[in-house]
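These are the structures, in structure tokens.
There are two complexes below, and they share chain A, which is joined by chain B in the first and by chain C in the second.
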Partner chain A sequence: MLAANLDPVASSIFSMLAIVSLVLAFVMLGSRWLNNYLYAFAAESWVIAALSASVGYYGGYPELYLVAGLTGFFRGLFLPYLVWRIIYRLDVAREIHVFVQPSSTLVLGALCTVFTLTVAYRVGESLGLANTVAVLALTVMLSMKLIGFLMLTVRHEALSQILGLLILENGIFLGAQILVPGMPMLIEIVILFDLLIIVACFGVLVRYLVTHVGSTSSLKLRRLVG
Partner chain B sequence: MEAGLLSILISAPLIAAILCITIRSPRVCEAANLIAAGIGFGCAAPLAVISRNGPFFYWSGYVILDMTGSWVLLCSAIVYLLASIYSVGYMRMLGRDEKLWGYYALFEGFALTIFVSTIMNNAGLYWIAIELTTLVSTFLVGFERVAESMEAAWKYIIIVSAGISIALLGTVLFYWAGSFVLGPSYDMTWSALRDAAPRMNQELVILAFLLVLVGYGTKVGLAPMHTWLPDAHSEAPAPISAMLSGALLNGAMLGIVRYLEIADTAGVGSLARNVLAGFGVFSLLVGALFIVRQTGIKRLMAYSSVEHMGVIALGVAFGGILGTVGALYHMLNHSLNKSLMFFGAGNAMRLYGTKRISRIHTFGETFPVSGALWLAGAVAITGAPPFGLFLSEFVILRAGFQQSFAWAAGAMLLLLIVIFVGFLNHFRAMYYERTPRHEATDGGTALSAWCVTPMWLAAAPLLLLGVWWPAEIWEHLVAATRLLGGAP
Partner chain C sequence: MIREIILQICQVAAVLLLAPLLQGAILQFEERVQMARGPGLFQPYRDLLKLFRKQIVVPDTASWIYWITPFVAFTAMLTVPILIPVLTDFPLPLSDMGDILGGGLVLTLASFMIVLAGLDTGSAYGGIGSSRSVMLTILAEPALIVVFVGITLLAKSMLPFAVNHLLVKNPAIYLGPAHLFLIAAFFALLLVETDRIPIHSSTHIEVYMIEEARILEYSGPFLALLKWASMMKQFILYTIFCNVLLIPWGLSQQGTALGIAGSLMALTLKFLLVAIAVVFVETAQSRLRFYRYQELLAASFVFAVLSIIGTQLS
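Coming up: the complex of A and B.
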């Protein structure tokens, strides 16, 4: 278990990067402008790439450098570019349909984080890893999950739903780098490509939504009920 | 031999899809799809028999052919074949010849991803296969390109992707739990996880299992994660609804079965089974409530799928020989029956030009043959004898009372009665109520043989499996259950 016997420098670097990406998730949660989501998402992906590289360096997993490169390129550049293209084509600059104010959403996000900290601490304790970076990794992983779901719930714009889904994935990827750095690379790469296909599919669907429904707000999707 | 069959099974839909994309002639696409489906069934049936001598591993262990997987594969291949035959008739009625190649290419891709998911030996690759089924089928759900179907497609991809990402989190946590036993790098095969399970940390396994259950449960359509299901099933073309319901849901249930096995070995089986039973009962409850008050014909079938996935979940949760065998047998019966029901619903929709139950009337008199088959299917799907579902539900109920799940089995019994009354009441209205005014019929007054034949092909074995549970199938399923570790 890598997290159990790390030297303090590595442990602090990992913690810092994990916390920075959590903060970036909060930035996305608190912002009303789609462009800001996108920048925060790209930055978060770069932080995760840096994390992969540093785990590779301190843990002695050279293949993680490749994963870091791919993460930086695909998640940090290519995915944001794809989403940016969708935003540009749709010409929507900000989230118009907010039904919970960003400030209240931030409070909800904080509550989620506290909850996940409790869960992570308990699991960490039973594994004998209570005072290691593993607890933090698990917390960040789970709370980014909850924050992603929060975004999916309180935002109605199709694009912020896509970004919400991407945060869900980012959280898992981040946690996986610290907790299971030895995970076979095949899986990581396939999941990365899978993500690209998902976003491409979303792009096509969003265009159909505009043509056939006339809106990209999920508030308008209420024909099918019961 | 079995490796050859497996590669033919996988390459048939792949080649057919490539043909559809390159040739694009509607009749060629139909033929290619039919042939691929025929080959699929022709390979899946012997594979299910051969798997008894297995499990077999191919491709350096990434592909597994085991009894449970090949059973689900067989169910999917049957639905694929039936839906392919029905597609010819249904899509001609729809009259979209210019887009037909895209439909068939996606259809074959959908079948391919479902087939692949049943034979994945690696938990991560299984997750990817399930994710791919979503991506391919989204475009099939939205195939008709009207506002309703786009809405259904959007809800489908968002809800299921979010759900399946929970399953990914669970998968990563399972890998983490295994890494304490097997070291930081290992192949995450089902058997590796199961062998390591007794030494895994139980709290972590509980957390991981619950995440996986909720994640794949979304795809299975267990309530309360089922919300995508009625929309997607009702808006997709009828053959796709049959595929979603009869093939895809089983493919995702397979993942839950495999992870439950790991949870059992890790010693947290009783909690896992109770949670699964809770989801099962809740699915039945939601199914019952929405079936009673349903107004849409295909939504009625969709909620019936939620109900039957609940029944299968209960069978798996009860465990033991009876529970698991009942659940596996129920998968086959449900696949046949739900195909029959969706074909009938597709015919009714086309003939009456409506999705609303209240506008369909005197169906049996107007269309005696397909009407009779559909009505027989409706009796069967509510679990009445002499059809296959009666037997499998009965076995699952017995398992419940035997394995001290009396609360769940009692609730299941009660809800099945409610569903029986509610479901058949809608059919009473569609068959025997005489509204004074005849609605205009849209899609012609006669059904082609392509639309009726698959109904016969589904109804006949359903009746047969109800009056006679072949000893070979029973023994096969018992052996599969023993291998799963569901019983001593």
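Coming up: the complex of A and C.
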């Protein structure tokens, strides 16, 4: 396994990039402006692309450079552009009625991170990987997943929910890059297209909501109709 | 020994003479970003020269504090460069007088005296400026102390030279999260302490002024000394940020004339880099409301705490 025997420089680069993307996930959690979510998501994708490239460099997987390029282009430019188009057409700048304030959400996110840290320690010990970068990668992966779930739960604008879904996916991708770097190229491409389809479907759904319900907030969706 | 004393004098002289240039460069870049021509790189020198030629007008209410403050502030800024690596990466004579905390103490002494002088004359603006700046200090101080603690835990030492050597020798520590969070925390403090935009306003004389309000009663050479001291403070903080934390390379290791020239060149490049980042912040950001000051400082505090956690985890 790559994470078990890394030289110190590589492991500090990996942990730095992982922690920066976790911080960006917290930025998304703490803000209520949709534009900020989007910038943070794009920045996070670029950080993850850099992580792929450095894993490729230090682990000797040349195909990861291509993955890094694809990640940077699709997740860092194309998906944010699509979401930006939706935001621009919708004319929703921010979450207006929040039922958990951003600052309280930050505290909840911090609790999630502490929880995942303990989980990651246990998992790391049972795999014999304690005190390596694998523990940190597990922590960041699981806490980004929990933060994504938290955003899906406490935000009710359709756009924050899609960005929550995208963070969740970013977290899994980040963890996979460090823990199992040799994933087949085809899977990566399939995941990227999945994401594209998710965003495209959301775009259609959001426009449908606007025409039929008049709002994209899930608070307004009270009736189950076909 | 003689050479080391000369080097030490060179360090202080570099801070003294190049500080207005740094200020001029930042102001000029800002104007150029806004598609204006700008006053030129050397405008702060011309301003200082003009102020030194003017006469001194002292308010009737001023006491001795008013008279000594410019000198205390200026002397404090001349003392700090002795303690930090400006040109050489080895300690020079008298640089063991104080560690990072000692330097911080001398810097704080200067701003404490300026606060007193703002209150001393009894003018309304001086009082407002002093109270705002004390408020800001109360908010910024915890973050600063935690940054110092983080540096100490990282390097197991409080000497700036030791931190510099550690980062140059161990790229793993340089690239580690602990160090990078310290950089982020210190950058936010740098913006606060050098009168930059998320806290301070970009124009000089207006209702929200903080630094300018405290020295509003000064004129002539006194005002020149205080302005020069604040430019030197900016230069010193940039030096600590670059030579200790951000880019610890490019310092003279033997202290030859060629090495000093090289490290001056390197210093220019480093400051250019940081100045471009600062200009970006000043252009992209607007000034925060008074009751939102703590947001930036809380972010800085959180980064510093994260960096301490980082040093404990690794």
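Methods note: the second predicted complex is superposed on the first by the 224 of 226 C-alpha atoms of A that agree within 3 Å, B and C clash if a C-alpha of one lies under 4 Å from a C-alpha of the other, contacts with A are read in each partner's own complex, and residues count from 1 in each chain.
Operating definition for what follows: a residue touches a chain if its C-beta (ideal position, glycine included) is under 8 Å from a C-beta of that chain, and two chains touch if they have at least 3 such contacts.
Remember, it's a predicted structure, so these values are computed and weren't measured experimentally.
On the superposed chain A, the two partners chain B and chain C both fit, without a clash. Of the two partners chain B and chain C, more residues of chain A are touched by B. Within the superposed three-chain model, A:His212 lies in touch with chain B and out of touch with chain C [touch as defined at top]. Look at A:Val190: by the touch rule set out above, it reaches chain B but stays clear of chain C. Contacts of A:Leu179 after superposition on the shared chain: chain B is touched, whereas chain C is not. Of the two partner chains placed by the overlay, only chain C lies in contact with A:Pro8; chain B stays clear of it.
Angle at chain A between chain B and chain C, computed from CA centres in the superposed arrangement: 170 degrees, to the nearest 10.
Legend: residue contacts after superposition of the two complexes on their common chain; A:Val67 is shown touching neither chain B nor chain C. Of the two partner chains placed by superposition, A:Ala50 touches none, neither chain B nor chain C.
Once chain A of one complex is fitted onto chain A of the other, the partner contacts of A:Leu168 are limited to chain B, with no touch recorded for chain C. Once the two complexes are overlaid on the shared chain, A:Met16 sits against chain C while remaining clear of chain B.
Overlay on chain A (Cα): least separation between chain B and chain C is 23 Å. Annotation: chain A has no residue touching chain B in one complex and chain C in the other. Contact residues on chain B toward chain A in their complex (touch as defined above): 122, 124-125, 128, 131-132, 135, 138-139, 142, 145-148, 150-155, 157-158, 161-162, 165-166, 168-169, 172, 175-176, 179-180, 183-188, 201-204, 207, 230-231, 234-235, 290, 293-296, 299. Here chain A touches chain C in the complex through residues 7-9, 11-13, 15-16, 19-20, 23, 136, going by the rule given at the top. Within the complex formed with chain B, the residues of chain A that make contact are 1-2, 119, 122-123, 126-127, 141-142, 145, 148-149, 152, 158, 161, 164-165, 168-169, 171-172, 175-176, 179-184, 187, 190-191, 194, 197-198, 201-202, 204-205, 208-209, 212-214, 218, 221, 223-224, 226. Note for the complex: chain C touches chain A at residues 170-177, 180-181, 306, 310, 313-314.
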